[in-house]
Amino acid sequence: MPMKENWTPTIVAFCCNWCSYAGADLAGSSRLSYPANVKIIRIPCSCRLNPMFVLRAFQRGADGVILCGCHPGDCHYTTGNYYARRRMTLLFSMLDYLGIDRRRTRVEWVSAAEGAKFSATMNDFARTIAELGENVRLGDLRCKQE
Amino acid sequence: MIERARELLASGEVNRVLAWEKGENDFDRTPAVFTADNVDSLVYDGLCGPNLSKYLVGEMEKEGKILVFLKPCDSYSYNQLATEHRIDLEKVVPIAVGCRGKIDVEKLRAKGIKGILSVTEDGDKLLVKTLYGDAVVENRKEVLLDKCLACKGKEHVVECEVIGESEDTTEGDKFGIVAKLEAMTPDERFAFWRGELSKCIRCNACRNVCPACSCVKCVFDNPNTGVANKAAADDFEENMFHIIRAFHVAGRCTDCGECSRVCPQHIPLHLLNRKFIKDINEIYGGYQAGAEIGQRHPLENFDKGDCEPSVVHVRGGARK
Amino acid sequence: MKKISLNALGALFAKIASTMKLYAPIEKAGQVDFYEWNESEKVRLDVLKTVKSAKDVFFPQVEDLLKFRVEGKSIEMNEAPKCEDDFVVFGVRGCDARSFELLDRVFLVDPRDEFYAARRAHGIIVTLACGAPEESCFCTNFGIDPANPGGDASAWIVGEELYIEPHTERGAALIADLEDADASSVEAAKKEISAIAERLPFANLDLTGFDGEHLMEKFDDPAWERLSKACLGCGTCTFVCPTCQCYDIRDFDTGHGVTRYRCWDSCMYSDFTLMAAENSRHTQLQRFRQRFMHKLVYFPSNNDGLYSCVGCGRCVAKCPQNLNIVKVIKALGGKKA
């Protein structure tokens, strides 16, 4: 794939307020690094993630989208992440069915105490997306910076 | 059927009847609501493809009971709508009608038969009168609607009076084409879906006909959502509309096949819905939406031992 | 009159396409619509009707009008470029060719639509006679002759040959190099087409009463309720229609600016004319009635009696539930005793 000069991937991470978002904070206060091009969007629970949000992130230039929520069994609202798990499984499968690389989407469970896991996950995901290159299949041409 | 409808109307048990009538062409069939005055123009034959269940939603505001005729596959939609409380069972009298598969006039046209004036059934044969002479189709199975090739069987899932015999018209594995697509490479799949979806004219027929798409206001029609798209101004918007449309009915879609029947561009939209059904069956266990009233569908349910979304990385489907 | 063998059409297309854009009925994923031609495309002149009408070429479903670019506190506005080069539309049927004249009455009167006007000024239309009219066709009711489809040049297919008769200089220039032929070669074909046209099931619709005089009578007709009952409120009929001309203008926020675009709209939709305040037509019956009243009553009373329907029959063939303008004309037209 022809790569633009100085291209860096844009990654959108939807993080649950009760765990991963705090996990990202912990990563920061523990001085663990994660790529600057990971844009975190806080959501009240992983099950708040409407499939439309994932598509909209891709539309507006995301090259990879990751959802981080509480470990199964630890949901602040008891069961939200179980629903999210099913939804994302089906959504990711559908994107794959339409020919969108399955490695561009991911779900990881990261608790508030797992700053190290947050950092490692983001670094790994950013590396994967960098290897895959720019997302051209699910972007909106009008949103590309000229 | 007309007899029975007339009886029920006369006895006052129902005050109107939801069924099909003949359209302007001899072979056109249009859903219609009849009263005692015009019930004689009710038609039921091999051309009555449209699923009537969704029209019941609009009929619920009216007084009195309505009689509805349900083909076996329509009875699933009926149950699903009842499960979602979109129809009030107290206000409907369902009668199941037999079905041997419905004829797709477009498939007759695809066979090169032009200027069709009328289609008459004679056992398994179809006699087609056209502007350019008559034609005969030896076996009606050659020209059945796509949805009939994935028939859910001859049983009605609504317990009610049954008129007529049904036939299971399934041909091959209903998930066959989905599996074939899964086996393609991502590039091939991408090319296939771009080719199909780029034909979309965003007429919304697939959405409006769908018995599962019964939102009062669709997110795509509401300018306040920021995602309303009246026309697909970009490839992305075609993808988004069709992914969200299919996702929103995932778990509730009975696979009635109306979306593909009505598409003016013949986009095989049911292949998106069926992909979700296949995934649900394989990952969360077999499930048929509308099989009975009151079912909890797989997306409003969970199991603590469910697999992780990363299962997508290891399940079937070509990788390179 | 000129002629060319159907086998040699590819060469003619290539020659035209070497100097200007060429649109033709092209098959993509099993369906035929007007697309820009190139050598790898499959042209289907044998298909009578494209799914969408040829109006797409002059009045596309989506087109950008204006772009705003925001940088700091400055906003830059760039109007989208208008069509500046000649182009050819090949294989337009008589009904679609007439529809352009109807669209002109909307877009070329004050306030003139410059985007449309530029395309009309540069478009060269080569029409194609209808070899085999279908049951849904009823163009003859509107004075259209499927055997003489008009445009800058008209074509007829006879056997393996395509005969072309130019009507304008621009049409003649396109085919100047072709072999000369005798105009009588297509007479038999024309007669045949006219003979079929007379036998069409919807050939003789009674349009009496569809005029401004009987506006309220038609509007209040109780038949609308029955006619609109099965309407799904989808936009299929409006989007395949060659004369439907309603559009919406929307802004798309690109994150770094705004793209203002225009797209087809449908009076069948709940969000139609929402820009003013609200959709004044709350029920599907009202929306359904609007579409047909516009075509058969309002438009002719404002346009010298011209109906805004060309009888292409696309709505007849494509409506998911088989509702259509013919059904409306038959139910409301004439004055049955």
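Labels for the chains are A, B and C, by order of writing; each one numbers its residues from 1.
The definition used in the following text is that a residue touches a chain if its C-beta (ideal position, glycine included) is under 8 Å from a C-beta of that chain, and two chains touch if they have at least 3 such contacts.
What you are looking at is a predicted structure, and each value in this text was computed from that prediction instead of being measured.
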{"item": "Pair exhibiting more inter-chain C-beta contacts, A-B or A-C", "value": "A-B"}
{"item": "Most central chain, Cα average position", "value": "B"}
{"item": "Distance between the centres, which are taken as Cα means, of chain C and chain B, whole angstrom", "value": "30"}
{"item": "Chain A-chain B separation of Cα centroids, rounded to whole Å", "value": "35"}
{"item": "Between chain A and chain C, centroid-to-centroid distance (C-alpha), Å", "value": "46"}
{"item": "Per-residue overlap in chain B, given as positions that touch at least 2 other chains", "value": "233"}
{"item": "Residue list for chain A, restricted to those that touch at least two other chains", "value": "140, 142"}
{"item": "Two or more partner chains touched - positions in chain C", "value": "252, 259"}
{"item": "Chain C contact footprint on chain A (complex, rising order)", "value": "60-61, 140, 142-143, 145"}
{"item": "Of chain C, residues touching chain B in the complex", "value": "28-31, 33, 48, 51-52, 61-62, 132-136, 196, 199-202, 226, 229-230, 232-236, 238-240, 248, 250, 252-253, 259, 261, 263-266, 269-271, 274, 316, 318, 320-324, 326-327, 330"}
{"item": "In the complex with chain A, residue positions of chain C that touch it", "value": "252, 254-256, 259"}
{"item": "Interfacial residue positions of chain B with respect to chain C in the complex", "value": "23-25, 28-33, 50, 55, 114-117, 130-132, 195-196, 198-199, 201-205, 207-209, 217, 221-223, 226, 228, 230-233, 261-262, 264-267"}
{"item": "Chain B-facing residues of chain A, complex", "value": "51-52, 55-56, 58-59, 72-73, 79, 82-83, 85-103, 105-107, 137-142"}
